[in-house]
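Below: a set of structures, written as C-alpha cells.
Across the two complexes that follow, chain A remains constant while its partner is chain B and subsequently chain C.
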Partner chain A sequence: MAYSEKLIDHFENPRNVGAFDKGDDSVGTGLVGAPACGDVMKLQIKVGPDGIIEDAKFKTFGCGSAIASSSLVTEWVKGKTVEEAATIKNTDIAKHLALPPVKIHCSVLAEDAIKAAIEDYRKKHA
Partner chain B sequence: MNTAVKTAPTSDRPNAPRRPVYLDYQATTPMDPRVLEAMMPYFTEKFGNPHSRNHEYGWEAEEGVEKARQQIADLIGGDEREIVFTSGATESNNLAIGGVARFYKDQRDHIVTLVTEHKCVLDTCRHLEQEGFKVTYLPVQQNGLVDLAALEAAITERTAIVSVMAANNEIGVIQPLAEIGALCRKKGAFFHTDCAQAFGKIPLDVEAMKIDLMSISGHKIYGPKGIGALFVRRRPRVRLQAMIHGGGQERGMRSGTLPTPLCVGLGKAAELAKNEMAAEATRMKALRDRFMAAINAKLPEVFLNGDLENRLPSNLNLSFAYVEGEGLMMGIKDLSVSSGSACTSASLEPSYVLRALGVEEELAHTSLRIGFGRFTTEAEVDYAAERIVQAVSKLRAMSPLWEMAQDGIDIKSIQWAAH
Partner chain C sequence: MQITPLATDADSARPAAAFGACWSCRGPVAAAALFCATCKAIQPPQPLDHFARLGLAPGFDIQVPVLDQLYFGFQRQLHPDRFANAAPRARQISQSQAVAFNDAYETLKSPLARATYLLALRGLPIDGEGSHTIRDMELLDDQLERREKLHEAPDAAAVEKLAVAARSDAAACLGEISAAFAAGNLAAARLATLRLKYLDKFADEARNRRALLALKSEPA
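And now, the complex of A and B:
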C-alpha cells in the first residue's frame, strides 16, 4: 500500500503526542475506538477562558493511518474555538492525508475523538 | 525519538541499493543460486517436452524430471513413483483433499481438519461441504497443537481423509505427525498433511509417520515458484479423482506438460535441503534465540504465540502488547516482516490462527511473524532486533493502552465502543 508523504510525515514525526491532566477543568478528553478492533484514540484539548483551544495532545493505538489522522487533528484544532473544532469532518482528514479506502475509518475515528473531547469539555462546563 | 539509525546491513555488493532486511521466509524464499544453476540448461538447450518419447530432446528433459522426482522422494522416504508434480502446495492440497473425497464418496463422505489450516485447505473443505460432504473442523489447544484424543474421537468409519498440516505457516508449530498417522491408519482414513512449511525444514518420513498424501511447495525451500508436488502413497494405494484432465500425465492424476526447469529446480532444492537440513536447523535456532534474547532484554510484555518446543526453528510469531501490528510494520519499514500470513495481509481482521489459539483480539492485533532463513545473517538479526525495540518503544510511548497499563488501569474494565 502506498501512503502519501503527508501521512508518512505525520506517522514518523507525530505532532503533539502526550497527555494533559484529565481532571483539569480546562481539559476535555475523548477516548474512542476499541482494542479488539485494532484502533484506540485518546485526544485531549486544552481550552482557554476565551473558548479557544490553546493546545491539544493525543495518544493512539493503531495503524499508521490512525496515528497520522490523530496527529493531524491535534494540529487542526489548535487556535480554533470549540465550536469551530466541532465542524472538522472526517472527509477533510481523509482528503488531506490521501487515505486509501480501507483506511477511511481512521479519519472517522479521529472526527469522533474531537467530538468526544469537546463533549467531555462541555460536560465539565455545563 | 531521534536516535541514530544504523543502515541496514546489505549484501556483499557494496554498490547495491539499500534494501530492507528480509525476514519473511515463511511467505517465500529467494532461490538458492545452486538451484538456478541446475535449472538453466532446461530453459534453453534441454528444452524438450519430457513426455516426448521419440527423440533425444524429450529423453533428456524426462531424465531431468525423473531425477527431480527421485530427489523429492528421497527427502521423505518415499518412492519416486509416488510423486506427482503440481503447480504448488495450493494445488496439491486441493487435489489431495478434493481428489480423495470425491473418489471415495460412496463409502466415505467425511473429512477431518483443523481450524488453523491454511486457507487453501479450509476453502477446499468449504467447497466440498457444498457438494454434500461433511467436514469436522477441530479446534487446537492453546499452544496450537491438535488434541489427539479429540482427533481420535472425530474420525469415524465414514471419514475418508484427515488433513492436518505439518508446520503452521503463521505460528510454525509442528503437529505430532506420527501419532496422527497411526490414528488414521487404525481407523482406515487416509492421512494427508500439508508440508508446504515443513518439507525440507524438518525430518519427514512417510513410512514412519504413516503419511498417505503430502503436499510440497518449491518456493518455500529456495526453489522456484509455480512448482509443487503431491506425494500419493502406492501401498496401500490411495486413489484420487483428477482435477485437471488431458493427456493423462502424472499417472492420470494431473494432466499437462511438466515444466521441466521448475521440476528440476524443486528436485535440486530438495537435494540441498536433505544435505543441509540438520546444520541449517541448528543455525536457525541459534539466530532465533539470539533475536529473542535481544528483544527480551529490552522489551517487557512480548508474547510468543504457539508452542516453542514443537516449532520450526526459523519461525517466531510475537505479540508486542499495546502496539498495533500494522502501525508497527510501518515503523520498521527497513525490515520485511508480516503481520500474519501473506495471503491475508490485505485484510484488517486479526489472524484466525491466533484467534484459534485463544489469543485475545487486542493481542492478536499486535502480532508480527518473523521468519529467518538460509541467507539471514547474525548482523541482520541484531539489526532487526534493535529496530523493533526502537519502534515498539516509540509506539508504546504514544499508545493510550500502554499508558493505561502503566497507570494500573485494566483495559478490560473499560466500556469500549466497538466500531
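And now, the complex of A and C:
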C-alpha cells in the first residue's frame, strides 16, 4: 500500500507544530487519544475577537497518518470561523490524504481533536 | 456417559457439558471434550472463552505457572506428531485446536492482553465500536508529558530513566487492575487498563528512541 504524496508531505513537513498557552482565553485546547494504538493528539486554536481562527498548533505522538491528519486540520482551520471549523469531517480529512482503510481512525481522532478544542474555547466564552 | 479423560483438575471449571455428535463415530460426545470417549477421535474446538478453554476460572488474577501447566498439558495431547498418521480430517482438527489453545494461552499470559480480554468479555471493551477516542484529561496529559520528555531526551541514560519510571508505574497499574477486578469495579479496571496500554506503548517508543540514539552516537 503506497501512501499518497499529500500524506507523506504532511508527515515529513508537518505544519504548525507547537503549543499555545492553554490558560489564554483566546485559546481552545483539544486533547484526545486513541487507545487502540496508544496515540495522543493535542490540537489548539487561537481565536481573534471577530471569531476567526487566527492560528492553530498541534502536537501528535502517534503514527504518520495521525500526524498528517492533525497537521492538515491546523492548516484547514486557519482563517475560518469557529462555526466553520466545527463542520470539518473525518471523511474529508481521509479523502484529502487518501488514507488507507486501516488508518481511517486517525482522521476520526483529528476530527475529535478539533471538536474538543472548539468545545474548550466555547466553554471559556460561555 | 464417560467424560473424556483430560487428566486435569480443570474439568470442573468447564461449562456444564452439552452433548454433540462425534464426527467420526457419530456417538454422543461432550461439547467441551477434546477427544471422543468412544472412538478417541479428536473433536473440533468449541466456541469457549479463553479461560474456559484452558480450564481456568475467569478472572484477572491467574497463576502463570498453573496456566503454563494447563497449556502444555493440552499441547502435548494436540502435538502434530500424534496425528502424523491420522485421517486428514483429524489432522486438520488438531491444527485448529492447537491454534485455539495458542490464542487462549497468548492472550491470558500477558497481563495487558488478559485485562483487555476480560473487559471485552464483561462487556466493557477498551477499543472497538464507539470507543475509538478517549478524552480522559488526566491520562492524556500524563502521556503527553512523558512523550514530550522522551522526544527531548538527549541521551540513552535520560531515555532509560523515563523507561524505568514507566515500568514502575505499569507495575502499580497491574495492582490497581487486580484490585478493581476483585472488587467488581469494571470502570476502574477499564481506566487502569487503558493507562497500562499507554504505558506499554510508551515502553515501545522508549526502546525505539534508545536504538535511534545508540545509532547516532556511534562513530561514523
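Miscellaneous remarks
Keep this in mind: the second predicted complex is superposed on the first by the 121 of 126 C-alpha atoms of A that agree within 3 Å, B and C clash if a C-alpha of one lies under 4 Å from a C-alpha of the other, contacts with A are read in each partner's own complex, and residues count from 1 in each chain.
Methods note: contacts are C-beta pairs under 8 Å (C-beta built on N, C-alpha and C of every residue); 3 or more make two chains touch, one makes a residue touch a chain.
Everything quoted here is computed from the prediction, not taken from an experiment.
In the superposition on chain A, contact of A:38 is made with both chain B and chain C.
Residue contacts after overlaying the shared chain place A:102 against chain B, while chain C stays out of touching range.
Between chain B and chain C, B contacts the larger number of chain A residues. In the superposition on chain A, A:17 contacts chain B only, with no contact to chain C. Looking at the shared chain after the overlay, A:63 reaches chain B, while chain C stays out of its contact range.
In the superposition on chain A, A:82 makes contact with neither chain B nor chain C. Residues 31-38, 40, 42, 59, 61, 105, 108-109 of chain A lie at the contact with chain B in one complex and at the contact with chain C in the other.
Remark: chain C residues 126-128, 131-137, 139-141, 143-144, 147-148, 151, 194, 197-198, 200-202, 205 touch chain A in the complex.
Partner chain A is touched in their complex by these residues of chain B: 322-324, 326-327, 330-331, 348, 350, 360-362, 365, 397-403, 411, 414, 416-419.
If you check the complex, the residues on chain A that touch chain B are 3, 11, 14, 17, 19, 31-42, 58-64, 66-67, 102, 105, 108-109. Residue ranges of chain A in contact with chain C, taken from their complex: 31-38, 40, 42, 59, 61, 105, 108-109, 112, 116.
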